[in-house]
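Across the two complexes that follow, chain A remains constant while its partner is chain B and subsequently chain C.
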Partner chain A sequence: MSYSERVLRKKENVTGYLFILPTLIGFLSFVFGPMVAAVILSFFSWDLFTPPKFVGLGNYRALLGDEHLLSVYKNTLILVGGVVSLEIIGGLIVAVLIEQRILRSLKYFLRTTYFFPYVISATAVALVWHLLLNPDLGVVNYYLSKIGIDRINWLFSTQWARFSIILVETWKNIGFYIVIFLAGLQNIPRQLYEAAEVDGANRVQQFFYLTLPLLSPTTFFLIVVGLINAFQIFDMPYVLTRGGPGGATRTVVMYIYETGFRFFNMGYAATVSLSLFVFIAVLTFIQFRMSGRWVFYR
Partner chain B sequence: MRFKKPGIWLFLLMCFVLIGSAVPAKTKLNFVFWLWAPEALEGWKKTFEGFMAENPDVEVNYISVPGATWGEYLDKVSTLIAGGEKPDVMWVATEGMLFLHRKNLMQPLDTYIERDKAELQEFFEDVAPALLEAMVLEGKTYALPYSWNNMVIWYNTKMFNDLGIAVPQEDWTKAEFVEISKKLTVDRNNDGKPDQYGFAVEPAYFAGTIPWLFVRGTSLLSEDLSKSNANDPKVIEVMQFLQDLIYKEKVAPTPGFGPTFNLFIAGQIGMFGAGRWPVVTFVQEGFSDCDIQYWPKWDQETPRITLFGVDGFPLLTTSQNPEEAWKLIKYMVRKDTQAKLIGTKEAPVGNIPARRSLAIGEEMSVFPPKNYKIFYESLVKFPAKPVPAPVAFTRVEEIWLRYVSAILANEMTPEEGCSKAHEEISKALGQ
Partner chain C sequence: MPQNTYRKRRLGLLWEIVSYFVLFFGALVILMPFAWMFSTSFGTAETAFSLPPRWIPNFFNTKSYRQLLEAVPFFRYMWNSFKVAALITVGQLVTCSTAAYAFARIRFRGRDPIFLLLLSSMMIPIQVTVIPLFILVRRVGLYNTHASLILPVVISAFGVFLLRQFFLTIPAELEEAARIDGASHFVIYFRIILPLSGPALSTLAVLCFLYFWNELFRPLIFINSIEKYTIPLGLVMLRGQYDVGSPTRTMAAVTLAIIPAVVIFILAQRYLVEGIAITGLKE
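Moving on, here comes the complex of A and B:
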């Protein structure tokens, strides 16, 4: 490499770093910094007002004996399972339906309509659904009663409250899944379908033997992202049910928030948040390991 | 730019310095308050402007903190202070007094009060003793009562009229309350489901369960707030009663029924419990078919205990200008300042002024309820106790409401819910 080439390379490197600088600064100060702080905090007892006290592994011991932790993890797992499976399956079905040979303008219209709730603030969505799902005055129960279904206590019974949150969360996010699935579908070459047709495969067979395997990288991406997002579910249950009834919809992140900013136990809150971090990291690792068996890259 | 004539620049600089020093620097007072609704900001601004007009050397730098409840507001203020903000004065209610005290954030006002005794005498004579006592911790006064609220029963007079029900009288009991609730519960379209209910059972602390515990002669916590009392048979009895109102008597809708005030205006709920704050919604909606009565007695034998919460403005230990802050604190309890708490037709306010002369004065009669005088009378006629709010209030409230919501959703028996709540609250208080 000549001298001038090396200078050029160096210049290019600098330019590259300059481009990522804003993101890097943002990442370091708002993601990485707080993460390091959380690790350090987890060894302290800190109520925000008095100086932090070093407690060694005290918070971690408390973590093991915390019965609430089990219940908030259980709630979160139920919500995550429901939300992610509904989003993936629902998103896939809607995307495949939109991708049929229909008017292009209608296609755009549907895509935008489904995506719309995704850009609205979660709190606003939750407030509107809170009114819709009102057991005595809500529109949902009103129409259900028209077809002879008894009033359902959507938000104030353990089983329905969880279901309602899954429903609303899916309604809000499904647009994102549809759009990504649509992109994945459009990447599948037409010729493959034509070849399959020539070989005598019907539409159902085409879907299961062609579409599904070729979409697997997209599906994999969405499951990973979906799980990570769903584990951090907070605003929907916070506004819709306040974690109730009886703590049935209290999620891990709500628990972290309460511990830290309502009960001022920052050290323990940091410890719980680290447990969630490890949980998600392990889960994601397992997914990547398993992905070799079902994800096909062309 | 080249500095060809440095003399001119130096001269200009001198001028600025001279002008700057000729205007005396204003003392800044950091004032934190709960903005329960955005509309309330105007009223606060006017109060501060009034104070600054009288004290031109002081500038009030206000920090409004939104939140749904006193508890939520307190959480945010605590984070604010921990984040390095140094308020001189903050608005705080009973719910937060012990917490601030334990965190050593409030200064006792006794020396200031002693010094300005003559000036404040008229105020102290105009305030119910119960309100003053609620501001005293370990023998020291930390705030002067500004406004307060107590729990009474609101009833829809039109619904009572339409159904020919006699309005509740002062000495009514729980049994009469249930009778009235039954009469108010009506299935208009004969589908086997009521379309209007007698009462709204709120899964709330101050505004829901505690008033019933008080009239039953018990409380959630021991007298000194150091121990849980949630497993007291009387507490269980009250929770059973509330659960029965929904599922056995069927005179109350299942909780989660939505905006109580609007349902009440629409004639779908005949009675509910609250302080003066529904007035804000009622005035805005132009609704006046309502009145209030004392919380029903449990039975003829058990004496009634009034539940109240009071707020004021403690001087914080973070204050850098305590003298000016004290001036502001005194300004907030003056009669003309507190008169603004009654509100106007355009901007109603939901609190009751701490001063007796205002709370039972003619000015209040502009707004519903007609029976407004019983707000104040409930403080002096019956024994009155502030809302039980220990240092770990937010935690106790969270635990209690978690079990209350399970009991009121009929997913837990009152015995089970109360005994589990007792266990958790005991643990929280022990920490």
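Moving on, here comes the complex of A and C:
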């Protein structure tokens, strides 16, 4: 390497670091720093007002014997399972139905409509649905009674309250899934369907043997992202059901919020949040390991 | 086999009808809550829960809006939300575009490991970092300020990723002439790359603004006085501790609260939808 080359190389290095400097500083102080701090905090008991007390693995031991934690994890798993499967299946069905329509303006109208709730805050959505789902005065039960379905106790019975969260969360997010599925569908070459038709494959066969495998990278992406987001569910249960009835819709993040910012149990809240992080990370890792079995890249 | 073709065509028509029905029924379910919200916001306490519901708003009855604006400083909330979301957006556009340029165009030592580290940070849930951040914010005296909401998020791994992917699609030949003439990276970034990146920057801006306009979790933790509330916080508090808030007033508030999102949605829908579709295609 000549002298001038070395000078040039060095100049590139300096310029590169100057360009990423704001992002780098931001990440060290607001993401990675706090991440490390959370780990340290998990070995302490601290209420913010008295000095922090080192408790070793005390918080982790408490984690294992915490019945509340068990129940919020159970609630979260139920909600996550319901939300993600409904969003994936519903989003896929609607996307496939939209994609086969011929009229372009209609396609555009439908995509726009379904996507709309995605840009509205979960808070606003939950406030509206809270009134719509009122068991006695709500619009939903009124129209259901018209088709002969008896009063459903949407928000105040254990099972229905969970189902309500799943429904409204899906209602809000389904447009996101539809938009991404549509983009994935448009990437599948038309000729494959023509060839399948010549070979006598009907619509159902085409869906299962062509669309589904060719769409699997998109589906995989949506499951990974959907799960990561769903595990952090907070706004919807916080506003729609306030975690009720009797804690049936209290989620892990609501528990972290209460532990940390209502009861100022900083060390334990940090420990619970780390458990959530590990949970999400392991789940994502497993998905990537298993993806080879069902995801096909062309 | 004419009979077979006939059956096939009839089945096709049936399929057509069923799928149209499903799609339009779904669209109705999506739109109905907004229609009800809008018409109820112009109702009175008596008509709020009238069944069958009123679908046509009575625009002359603006009592609930007047009540709302008398009860809480709602325009203040809107201004606060706008201020917070807009400043974060401007900040992210600057930090993400410079970093994305470096990751796409400058060969510096450690570039790829740093980029990977940045990407992997997207998996860290906000709940993990928010507890130490809360302690930090209190320590430096920023508790209950908008700065505590803005500063920690003027950087974004997602934004860097999105813009880098776009910058990579810009042909390098465009810069070659400039580089031969001795233009620095800053000049190339500012004069060539940025002007070509309108759509990508708009996508990031729209996604970022909406995200922070709608955000509830951090304001709930970092803000505690009414005059500093952002919209989602104001909405939650408006309902009251035991759901005693008047439904018409709440619906008036929700209607006002979503107007900016609706306007952005109408004006910038293309960037939103395309931006989201692009993120989905990067496996």
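Rule of thumb we're sticking to: the second predicted complex is superposed on the first by the 268 of 298 C-alpha atoms of A that agree within 3 Å, B and C clash if a C-alpha of one lies under 4 Å from a C-alpha of the other, contacts with A are read in each partner's own complex, and residues count from 1 in each chain.
Here is the rule we use: contacts are C-beta pairs under 8 Å (C-beta built on N, C-alpha and C of every residue); 3 or more make two chains touch, one makes a residue touch a chain.
Being a predicted model, the structure only gives us computed values, none of them experimental.
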>> Looking at A:135, would you say it contacts chain B, chain C, both, or neither? Reply first, second, both or neither.
In response: first
>> Going by the contact rule set out at the top, does A:222 touch chain B (first), chain C (second), both, or neither?
In response: second
>> Just to be sure I read the superposition right, which of the two partners does A:294 touch: chain B = first, chain C = second, or both, or neither?
In response: neither
>> Once chain A of both complexes is superposed, is A:247 in touch with chain B (first), chain C (second), both, or neither?
In response: first
> Touching A:49, do we find chain B (first), chain C (second), both, or neither?
Replying inline: first
> After lining up the shared chain so the two structures overlap, which partner does A:176 touch, if you call chain B first and chain C second: first, second, both or neither?
Replying inline: second
>> I'd like to know which partner A:261 touches here: chain B for first, chain C for second, both or neither.
In response: both
> Of the partners chain B and chain C, which touch A:281 in the superposed model: first, second, both, neither?
Replying inline: second
> Which chain, chain B or chain C, is in touch with more residues of chain A?
Replying inline: C
> Which partner does A:209 contact after superposing on A: first (chain B), second (chain C), both, neither?
Replying inline: neither
> Do chain B and chain C touch any of the same residues on chain A, and if so, which?
Replying inline: 48, 130-131, 134, 137, 261
> In the complex formed with chain A, which residues of chain C make contact?
Replying inline: 15, 19, 22-23, 26-27, 29-34, 36-37, 40, 49, 51-53, 94-96, 98-99, 101-103, 106-109, 111, 114, 118, 121, 123-136, 138, 151-155, 157, 160, 184-186, 189, 210, 213-217, 220-221, 231-232, 235-236, 239, 243, 247, 250-251, 254, 257-258, 261-262, 264-265, 269, 272-273, 276-281, 283
> Touching chain A in the complex: which residues of chain B?
Replying inline: 71, 75, 78-79, 81-82, 103-105, 191, 193, 203, 253-258, 263, 268, 392, 394-395, 398, 401-403, 405-406, 408-409, 411-412, 417
>> So in the complex, the part of chain A that touches chain B is made up of which residues?
In response: 47-50, 130-131, 134-138, 145, 151, 153-158, 243-248, 250, 258, 261-264
> What residues on chain A touch chain C, complex-wise?
Replying inline: 12-13, 15-17, 19-20, 22-24, 26-27, 30-35, 37-38, 41, 48, 93-94, 97-98, 100-101, 110-117, 119-125, 127-132, 134, 137, 139, 142, 171, 175-176, 179-180, 182-184, 187, 203, 217-218, 220-222, 228, 231-232, 234-235, 238-239, 253, 256-257, 260-261, 266, 269-270, 273-274, 276-277, 280-281, 284, 297
